[in-house]
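Multiple structures follow.
You will see two complexes here that share subunit A, one where it goes with subunit B and one where it goes with subunit C.
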Partner chain A sequence: MDAFLAQLWIARWPLFDGFLMTIGISVGAIVFGTILGCIVGIQLVFAPLWLRLPFRAYVDIMRGTPLLVLILAAFYIPAVMGLSLSAAQAGTLALGLFAGAHIGELVRGSLQAIPPGQIEAGRSIGLTFPQILANVLLPQALRTSLPPWINTGVELIKGSSLLSMIGVGELLLKSQEVIGRNFMTIQFYVFAGILYLLVNVTLDLLGKSLERRLGARL
Partner chain B sequence: MNYTLHFGAVWASFDHLLGGLAIGLALAVAAVAVGTVIGLLSAFASVSRSRLLRGISGTYVLLIRNIPLLVLVLLVYFALPQTGIRLDKYESFIGSLALYAGAYLTEVFRAGLLSVPKGIVEAGRAIGLTRMQTNISVVMPVMLRNSLPSLGNTFIGMFKDSSIAAAIAIPELTFEARKINVDTFRVVETWTVASGLYIAACFTIAALLRMLERRFPKF
Partner chain C sequence: MRATALKVAAGLGALSLVLSFTQTASAGKLQDVLSRGKLVVGTGSTNPPWHFRDESGELVGFDIDVAKIVAKGLFDDETKIEFVNQASDARIPNIVTDKVDISCQFITVTAARAQQVAFTVPYYREGVSLMMVAGGKYPDYAALKAAGNAVTVSVLQNVFAEGMVHAALPEAKVDQFESVDLMYQALNSGRADAAATDTSSLAYYMKQNEGRYVDSGFSWNPQTYSCIVKQGDPDWLNFVNIALRESMTGTTFPQYKASYEKWFGTSPSDPTIGFPAEFR
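After this line comes the complex of A and B, so read on.
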């Protein structure tokens, strides 16, 4: 244990950097994914068929492909298209596109759960569709999607560990580098696991308490 | 954007991709089979009257669901040998994926158990079945049928997660695709085909499951 603590002290800054990278990438991906997901969700419910189909295809492709394949594709494909993205940017892009599809489905589900009578009521008092969306539908839909949205955040933090396979220096890759130096395999993998666990359990508890509080009001 | 598509290089190795797909499916089947046993035990523990059993089941689900699968896979693959347990990479990956699936299946079966009407449990007890017999012949069939849709979704999820086996060099679909990508540099074609295969497999499994659900009416 003392040997582990000594090694942990030596490796504290690389691991801290990796931890920050994990959080930073996950935050970037959830921001990007949320904006994308709101657009996708609204299109999936209200767009005419010709516009809905490409959004449906996007969601199904993202949800049918493993995250690792998306990450590898985002890492290799932009380069041959003449776009140069760093590994971290490519990884954030892949995570964000993945989150966009999942959040899109969440928003679609919550929008469809709102009784259609409310849209008719909005129309009959003279609101335009954007006004109905902004004042009637979205406030309710976003509230019901909040708990599963936090769950998506947990999935993204877990998913960001896959970026170690394209060389992004996040928590898992930094831990592997530390293990490569001191061969304390069990200790440092478990340590990385505990860090992931702490962040995710915090988010999980937050989601559960939100669910309880929102559940009481709905 | 001077990129012309040449799928020839990918078709030349298409049988490798198909072989990889088969390995991925086999890994998922094995993991879900073992995971179902873990999940059933853990689900029964989670609704039992013993606080200890409920605690064990809850801790297991909390731990596994909040740790990335890749960390679990690497830990089992690289760290277990240090404690004297030697597994080959297939055994070790199936073990990790089964542990992972078990946690998700605990919640699936738990929801299934809670959906079993109390009346039929009492009916089972009333005709003289023991608690164990009631669980096996009354609760289990109803619970399994009710959890079939979520069980199917978990299976599809585990099949997608089998791609992580590429990290420990198991030659499944993602590993083969990465090899073709590096060998031929037909980047766009490789990943399009690999992703297409995954999507086709997922949709086929989903369609088969819907057939199965129609075949057995919901209780």
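After this line comes the complex of A and C, so read on.
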């Protein structure tokens, strides 16, 4: 244990950098994915059929492809097309597109769960569609999307560990680098696992308390 | 309907932003690298003594030093390198898609790989060696071999492990372990009489633990390590070859030698003066 703590102390800054990278990429991906997901979700419910199809295709492709394949595609396909993305950019893009599809689907579900009478009521008091969306539908839909949205965030944080495959210096790769030097395989993998767990449990608790506060106002 | 159109426009705008790309012109890799002012090198970060991070987080190792030899040849400045971290299975794709100018990442030369990328001249020949605890029951390879099936060899788990050990010690028992630390632990605890792994890894480990272990004096399973570059650019390949060759036979030999001693604990023999031996 002492030997592990000594090695941990030596490796504290690289591991901390990796931890920040994991958080940074996850936050970037969830922000990008949420914006994308809201657009996609709204299109899936309200757009005319010809327009709904491409969004449907996007969602199905993203949700039907393994995350690792998406990451490799985001890393190599732009390079073939002449666009040079850094590994971290490509990884954030892949995670964001992945999250966008999942969030799009859950926004769609939440929107469709709202009784159609509410749209009709909004229309009958003279609200335009954007007004109905902003004042009637989204406040309710986003509230019901919160629990699965937190779940997507947890998935993203765990999924960000796959970025070690394309050389992004996040928590897992930084841990592997430390293990490569001191051979303390089990100790440092367990340590990384505990860090992931702590972040996710914290996020979960945060989501639960947010749910309670929003739920009280329903 | 106008609102729908607005939503569509916003969606498409975001999409085209993602898909937009720039074009890059190329006038030969060598000129590209020179005018860029730095060499982009693909390598790993988790395998001592080849490429790993030291305690200060700096990328070090023999592969790193080989890349520095090339950078020194380009800019007379070995710091003008950008290292791109890549997993082992990204070595060839990253070359083919121009993510890196060159990859030096203990790449074993094979004919199959040479169909996809261009190999430079080799800079090391890897093998497999046996390591024992100093002062133990078996002092060298002959003793291990004579002991037959009384010997247990610890080895890193892989499909070829059994056959690899039996090529040198046909009757030995093989104990496979999932990680390097467990493999060495088996040797330390006496569960295994010898550990078999890459010659370079053993050399480095023995240098880190001066006096605690001995080499059996026997190595087998040769494989050649070279850097790789993209196919179709002979000027670039030739430049890298010259830079590497001269570090093993000519003016920059001291740089190669210092690095070799640092990571493997032994000295490569000096180039003989007179007739250039590589043409013999």
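Observations
Note that the second predicted complex is superposed on the first by the 208 of 218 C-alpha atoms of A that agree within 3 Å, B and C clash if a C-alpha of one lies under 4 Å from a C-alpha of the other, contacts with A are read in each partner's own complex, and residues count from 1 in each chain.
We take it that a contact is a pair of C-beta atoms (placed from the backbone, for glycine too) under 8 Å apart; a residue touches a chain by one contact, two chains touch by 3 or more.
Worth saying up front: this structure is predicted, and the values here are computed from it rather than measured.
Of the two partner chains, neither subunit B nor subunit C is touched by A:148. Of the two partner chains placed by the overlay, subunit B and subunit C both lie in contact with A:80. Once chain A of one complex is fitted onto chain A of the other, the partner contacts of A:109 are absent, as it touches neither subunit B nor subunit C.
By the document's definition of touching, of the two partners only subunit C reaches A:180; subunit B does not. Contacts of A:13 after superposition on the shared chain: subunit C is touched, whereas subunit B is not. When the two structures are aligned on the shared chain, A:167 is found in touch with subunit C, with no touch to subunit B.
Within the superposed three-chain model, A:159 lies in touch with subunit B and out of touch with subunit C [touch as defined at top]. Of the two partner chains, neither subunit B nor subunit C is touched by A:24. Subunit A residues in contact with subunit B (one complex) as well as with subunit C (other complex) are 76, 79-82, 164-165, 176, 185-186.
Within the complex, the subunit A residues that touch subunit C are 10-11, 13-14, 17, 35-36, 39-40, 42-43, 46-48, 51, 55, 76, 78-84, 87, 93, 128-130, 133, 164-169, 173, 176-181, 183-186.
Put simply, subunit C touches subunit A in their complex at residues 3-4, 7-8, 10-11, 14, 18, 20-24, 45-48, 52-55, 57, 84-87, 90, 93, 97-99, 178-182, 184.
Interface of subunit B with subunit A (complex): residues 1-3, 62-63, 65-72, 74-75, 78-79, 82-83, 160-164, 166-167, 174, 177-178, 181, 185, 187-188, 191, 194-195, 198-199, 202-203.
Subunit A makes touch with subunit B in their complex at residues 60-61, 64-70, 72-73, 76-77, 79-82, 154, 157-162, 164-165, 172, 176, 185-186, 189-190, 192-193, 196-197, 200-201, 204.
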